[in-house]
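Chains here go by letter, A, B, C and D, matching the order in which they are written, and residues are numbered from 1 within each.
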Amino acid sequence: MEYLENIRNLRGRCVLRRDIIREFLAELLGTFVLILFGCGSVAQTVLSREAKGQLLTIHFGFTLGVMLAIYMAGGVSGGHVNPAVSLAMVVLRKLPLKKFPVYVLAQFLGAFFGSCAVYCLYYDAFTEFANGELAVTGPNATAGIFASYPREGLSLLNGFIDQVIGAGALVLCILAVVDKKNIGAPKGMEPLLVGLSILAIGVSMALNCGYPINPARDLGPRLFTAIAGWGLTVFSMSLDLWGKTEHPEET
Amino acid sequence: MEYLENIRNLRGRCVLRRDIIREFLAELLGTFVLILFGCGSVAQTVLSREAKGQLLTIHFGFTLGVMLAIYMAGGVSGGHVNPAVSLAMVVLRKLPLKKFPVYVLAQFLGAFFGSCAVYCLYYDAFTEFANGELAVTGPNATAGIFASYPREGLSLLNGFIDQVIGAGALVLCILAVVDKKNIGAPKGMEPLLVGLSILAIGVSMALNCGYPINPARDLGPRLFTAIAGWGLTVFSMSLDLWGKTEHPEET
Amino acid sequence: MEYLENIRNLRGRCVLRRDIIREFLAELLGTFVLILFGCGSVAQTVLSREAKGQLLTIHFGFTLGVMLAIYMAGGVSGGHVNPAVSLAMVVLRKLPLKKFPVYVLAQFLGAFFGSCAVYCLYYDAFTEFANGELAVTGPNATAGIFASYPREGLSLLNGFIDQVIGAGALVLCILAVVDKKNIGAPKGMEPLLVGLSILAIGVSMALNCGYPINPARDLGPRLFTAIAGWGLTVFSMSLDLWGKTEHPEET
Amino acid sequence: MEYLENIRNLRGRCVLRRDIIREFLAELLGTFVLILFGCGSVAQTVLSREAKGQLLTIHFGFTLGVMLAIYMAGGVSGGHVNPAVSLAMVVLRKLPLKKFPVYVLAQFLGAFFGSCAVYCLYYDAFTEFANGELAVTGPNATAGIFASYPREGLSLLNGFIDQVIGAGALVLCILAVVDKKNIGAPKGMEPLLVGLSILAIGVSMALNCGYPINPARDLGPRLFTAIAGWGLTVFSMSLDLWGKTEHPEET
């Protein structure tokens, strides 16, 4: 009996040691799936010139992408799939600070590989669309499939407020939905309701920049576009979450 | 042991004393979130001239806004986020009468601050739209983002019937969904189903006035528009729930 | 103690005696709500000439109407709100045959009163629309708000097959969703899933006649339109579930 | 007592013996229902030239078709309704290999009969549409109602990648949703969430071939169209899952 107990303990310790790797892989897979469905739905809409997609299918793509990402990663890593959420969990002491960079790296890599997968999935369509030109702006722009670009005329201040409100609303919604002391979603329905929170943000806060409330979701695919042929304009064109680039109006 | 019991009792009494403050804040936060998502979705649709929003995204905005508001406030105050619902709860003796004005004030303030947040979120877009003119009527009207205005040609009597049927249907749906002696929603799913009741009302009863079945949701943002630059026309133009203003046709 | 037991028994017997009245009222209320939301969403779409409604909002109206009807009536009468469902329950011995006419009458009356409520709700809009003409056919037709009319060119045989497939699919879906020996919906979610079954039928089987798979939902409002001013054409124009009327092509 | 036990055992053994027949029938019914709602929604959209259906109603048709199919078949056979899912279950040792051909045959037959039912349902509409011509390509093409055809210009390699990513994503989503060691859907909600996975794939991966991630769903109806009058072109035109046919561009 004691022997069995020992085995179990040993096994437990090994599992603990391998936890961080499992969490890394879970976040990577989750963000991969989020981008695959989310950016995939934008690609389907843009590349078909809205024949096979529309505003709502894109909203559904991100809603269900987040939902399925959490179903996949949730049991292992919590399914943050978003550095902003991981940061909130660090602040709330639900995630040890030392795990934070691991989570963010996993999310960034997952988003990068996810955008590779979308590009592979629609390689022929990208080649055909606008004779293969990979444009960042104009009527044939396809860079917006992967990363968010601010609306023309948006000031830096308003863009900053936009991101504060958006990310704050997201964290607030997630905390409310999973709060068992409050109403709280039934066990196993949290991913659906977090997904619906994304939908709520998408229908109400997407006008300025297209809700890039997820730095990994934005930066990973943006780096991919820079490498894959859209060029470094994808960085200079953009008032992204890091707020370090120049204003698009002035470009 | 007795000591611990005493501590717990003391703590319990303090909690009781602070209950009304917590309920005030819960209702305020809930209504804030409802307006942020609900009016935010109208703003996104109107300010983009339907390029980034449409009829359905507005319906989803209010549906999910109510749902998330209840997830946030439900465990503390019940998540009424609507004076009509609070009134129904008073009548059904589920809310003490003396708490009623506190709830209504919180809802009104939450809606007011929520419309401030939407205005901040889209400050640049409001400035650009129609060269910054803040119109109550006409093709560039933006007052409708915040408050409901009756359809032209609606008589006072029909507007009154519209509000009675709308508010009655809402209360009936809420009571049915949370009634555990009846089928009742599973624990934790009530907010989603109350949200879907709002959707049901939105798709079937919005033609006359745009379902302003929530006096706080309507009056708070309306006051905000009056202050923020749309002027007092927002009151005189409107056959609102209070039914005290003149008929829009006659204005 | 025995006294209390007696009281409880007595009360139980009284409740039993009053059961049939409560079931009558539950079915009436349920069907009323179904029509209020369902036909209300058609009215909103038709009377605004698709400005405030569209194909999907009508689907959502019936989906949510059925869902909310079942939440209201389900705990008392089972929430059939449809003679075809009541008939299936009789055949499956889940409803005593002698209650069947009571259920059907309640459903018919509920649908009739529901269409009155929709007419009151949009009285002004009906008066304005096409200068108050209440047309059964043509571009200004409004009879279709209340009852289903077959597509031009539909043969009687195809209409019959359409109804058999539609009603069969509905009963099959309901039985599957509530079957606890199978997967079965979680307790309290059945109404949502029955509503989604209606949506499934609406998106796939509505081309021929607009899914009038509910005789009460169709006949009650149709009678209302005959009385309210559309005239007896509403009967002669229609290949309804009873299949006794002449073919619309030949009219 | 022992007698009763014996009866129960005997009954148990009989049930076991009849299991494979019940599973066959369950898969057949499930796939039938999937095609009835899924292809039905495409038929409604195509035959009404998008007046009674649109992109989203088709997505909902397949989403709800899969959901209802699993509610019907899930308790008996697991509700695979897809040879790719059955194959994954064999690989994961959740389905004995010897049952695999039985499942696939049932799925194929269910899909075949399902497309018969859709054809019967809309027989008149098929006859009317384009004067009864049953076209595989061109503006009056109706073969696409039943089976998937690749977009023009899609290379064989990209089509293959498309199918690998699509089927992989589907299996991954299903495994995540039903995994009780992970978050996992609540008991009884799995069918809804598998349906939403189909929606996620539909909005993000349908551009190339229209997500024919289900060989039975594609091949059964395709065979039906070949027999019912569209001719053998339905096979030669198509880069289907089997990848054995020539490229549509070259036809």
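Brief remarks on what is shown
Rule of thumb we're sticking to: a contact is a pair of C-beta atoms (placed from the backbone, for glycine too) under 8 Å apart; a residue touches a chain by one contact, two chains touch by 3 or more.
What you see is a predicted model, and the numbers here were worked out from it, not measured in a lab.
Common neighbours of chain C and chain D under the contact definition above are absent.
Homomeric contact chain A/chain B is classed as different-residue, with under half of its interface positions used by both copies.
Rounded to a multiple of 5, the Cα-based rotation taking chain A onto chain D is 90 degrees. Note: the chain lying farthest from chain A is C, by mean C-alpha position. Remark: chain A and chain B have CA centroids separated by 30 Å (rounded to whole angstrom).
Averaged C-alpha coordinates put the centre of chain B at 43 Å from the centre of chain D. For chain B, the set of residues that touch two or more other chains comprises 56, 186, 189.
Of all residues in chain D, those touching chain C in their complex are 33, 36-41, 43-44, 47-48, 52-54, 56-58, 60-61, 64-65, 67-68, 70-72, 74-76, 79, 117, 120-125, 128, 186-192. The residues of chain A lying in touch with chain B in their complex are 55-56, 59, 151, 153-155, 158, 161-162, 165, 169, 172-173, 176-177, 179, 181-186, 189, 193, 196-197, 199-201, 203-208.
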